[in-house]
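Here's a structure for you.
In this document, chain identifiers A, B, C and D correspond to the written order of the chains, with residue numbering beginning at 1 in each.
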């Protein structure tokens, strides 16, 4: 059994990690930490776990000592020192925060207003989106787990981009996120009566996931890509629906497009390219590591409209983190992630 | 007092009309009709009205006889004969259906698969989007009330288009609608457990509101316009959030854009151009005839991102229909429509 | 026009009062106050009001000066001094807080842990549940506006109790409240992802509305009454559903019961006793001052099951407060409160 | 591996069974049947299962042939013939319908208006509520799986009843159910805009689960019990919250009560008796087989208020059915049912 630990276990991503790890056949949850709830049982924060996972929140140090694999689910800036410690101790770190995602340190420092303290670790880190970069992840020790939008958008666009079916200019990603994406901390915006029956866009033109999406896309077209990315907040608990627009190269047919995606994801367990007539819906992938993709060509403008759906806490955070752990350790890639999503 | 009648009063648009008319200081609800619920009180379909509006559903003929102003809230195809009768009887008809919205009869016949029976009535009909075509509506007798998406999208784009700030090519409208837009008839898609906690796109690249949006836009740029329009279904009762993308002409600044919209809507009671920092949210306009517009320029691509929010049943249907009635009859334009939207 | 002012306008009850008063034909909103948002426009807290009600939050003193009628929507304990000032200045005070509801000062002091500073004002205050105590309210200057549960439960039980159809012992009120009842302040309990898809009871056996319910009931049976009252939190914005149980006296029939309620409320505009076969639903009374009552006899135990539904912010707070104002000032009792509730 | 089959797999209970069985370490889903969707893949009805469980719906006969254990999730009346066939073929039948739940055939025939065709099978059937009747279930071949309300209410009351702490007269169960309890078929009542933001009681004084609840309770007090049972429909997908009221015998203390429940459920994996201060919430048990119980004594009336929470589709249907299968076959009782409930 692998000993897994979670630093920042009382945030939503951390708590979902606990849930996924609890069902993993080859891992056991060795320790969890939290600054806000130090000394308290995890179930005092998440009563759904009461009697089932009553680990007490210890310190970061305790997690580092007791774990072979460390998951960090922290605000950006805080994972760098943890990465150093894991590196020195030879432990695997899966970082769910943003510290090691951007390869260009100037982009990281600009978008996150944090200094890159250990450039060599940034160099070493691999970007953990297995369907796109699997070979780089296997056996690695420092894995930057992508964000939710930055998983949903590239999965919807990369097959077309790599195959040269779409232009790299003029890409728009109009994304809709469930509320858990805003984190556990209650705010006026997430107070039930003010969010319920509402919907709005936020951080238009300035969300930090933008450079991360672009970084992934440019690896598949070999050039700079600039994306318009608009996130919206949706009154549901979980899910990202990404509606992506791109200019198709002249002559591309829907059959060709559909075939390209099906070929690209043919061996992927977690990505389902839907046949024409089925709709990608966040409802279908809740509490899971699956991704649905639905493809259209707007017949009057020759635009690709690719819609992807994931669970922001699953494939967009904790599920993908466990998939990365499996790859890093050489376990079965789907271990712990095969439960059927609920139908309702 | 104006005698107002509603044909198709038991559908959602019809029922909302009843509610709005019930609060109108110069109109009284003279008669309602329904095929499905003939002979039954309206409150047997909508118990919220029990004891307050217990009119029985009569026939179309009864509505025509008793009303000075007729509202028709019917599936497309069914309003043509009603329009003929109203025309012959000299009555005002506000048609909430799609029959008289498209000026090009070939477009109407192609998108709706219905034959235009009285071309002269199509000719006579005016398009009832008051903020854009007020002068055409005043005093008219046949008014085609726009659909919900076709109100939200043009309101978000026309000021920039008319001012020549955006290109007419490459416009995308990514729209999110509340469930009442799908009508009163229950279906598997709108069955609570399957819609709740979900979101999906529908009729991608083929929704019938597309030519109607384009018809409005081309009146403000003098040329053909082709729009990519993607509707989504959202688990809330009411609202349209329209996130509209367009290429800004080189050099346009946010200040210029904001000023253009504020000038355009300066005298409009129902449209609020939000100052920078406020967000358009369907939550803010529920149960009202108001429209919110929020403006952004994506700094890295020089795209306009204009977000508008309306209540699909208010400004997107019944509220606007009453606004049109007021204009047609020379009443105060805001009569019956000034209630504050609920804050929560 | 009556000049009305709201102290505590940025809480939910205060904000709803603003909305109701804005539609009142004989009142105008003269001033609002808020400690938390002093100097800020009300629309900065409730963007739904932007452009429509942009009054700035002033001080309590300003409200007192500018208003003929003062509404106080404050946490308990804070209305006593306001009542004194209103009394001295000869102004009408409608208090939406709990300070003047309980006639027995020892009960007040025990349940609220506050000292009754002006016993003579407590003596003077009338309890503003118009359907039960209309004659006491007319023309009065200090009115204690009931809470939400304390409106819904007595309306469901008093007709039977007064008619001697039920026993006074063994009454149970199992109540379900929408989230706005918990107020504007965001908490972990009202954070969207933790409340959505959940339901729980709270303050079981100890909610402060208990003695208030009992005070009303004992006025209709002439004896002490002890009620079991269990509130629950429900993932909807608005509404109280009160399911009330009482032992019927032997031989009472459903027809007799139904007739008793219909007679009791025959002249009441805001209470609808539903005919057998219709269901009381909070959905039907949202954004209104109406109350629905549905009556059953459990055939195997001879228990009365009376279900009432109100909007906790309407009949349960702001709507009733305006109804009380109308009575206090001799206006039409329904003025400003006749809008049809939305059907969906 | 056990071959398990589901008759009626496209209803909600059937579909949830498929999900639970898919995660069972010692069972495999051998066949499913559906009358409405014969010949179609299950994933055409539940797209969440697409690519993961694409079994086609066959006939009842096919399920009977291919399965060692048969689950029937059918409307009442239809399981009797299936039970006969299973009996003759020596197969285990877990019936999620109501046909074998009531031991008194006259009660069954009266409440369900169906004739008991094979009285000997009714005799043979055991009632599958493991925490109360485990020893009767082990190794049996015909198990009547309880309904949702009929699981939640007895679990909340039996410990006190058996210990003689409460009176058997005057028990009230005020229950709130998620919408999946109404089944997959869409109706006007479950149409999203009419259910959302609403709540109502239904089948007051006449729900068919009443005699089933009473049957369980009388086994623990040795006498006839008559219960007042009021179900309500709640705008959430899943969950039963049962708020149960009973008269405590004089002198019973909260400590005694709490201890009695903790002792009763000490060895139960699926029932968590919450310590004082924690709240039972349907949010905590979603997608699981767990049950939470919260205990109170109303200090002023000496009434027990016991609140239990389950997932109506989990412990209230499919989860419990699998628990029963495990018991019937001598497998580990918790097999396939140990996943942590989601925290949000």
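Here is the rule we go by: a residue touches a chain if its C-beta (ideal position, glycine included) is under 8 Å from a C-beta of that chain, and two chains touch if they have at least 3 such contacts.
On a predicted model such as this, the values are computed, not experimentally measured, just so you know.
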Angle, in degrees to the nearest 5, of the Cα rotation that carries chain C onto chain D: 180
Gap in Å, rounded to a whole number, between the CA centres of chain D and chain C: 38
Chain centre separation in whole Å, for chain D relative to chain A (CA means): 36
Mean-CA-position distance for chain C and chain A (Å): 47
Multi-partner residues of chain C (each touching 2 or more other chains): 12, 180, 193, 195-197, 235-238, 279, 281, 283-284, 286, 344
Chain contact graph, described as a line, ring, star, complete graph or other shape: complete
Residues of chain A that touch chain C when the two form their complex: 12, 178-180, 184-188, 190-193, 195-197, 235-237
Partner chain D, residues of chain C touching it in the complex: 170, 172, 174, 176, 193-202, 204-206, 210, 226, 228, 230, 232, 234-239, 241, 243, 245, 279-284, 286, 294, 296-301, 303, 305, 307, 309, 344
Of chain B, residues touching chain C in the complex: 12, 15-16, 18-19, 22-23, 46-53, 180, 197, 237-238, 272, 274, 278-279, 281, 283-287, 290, 313, 338-344
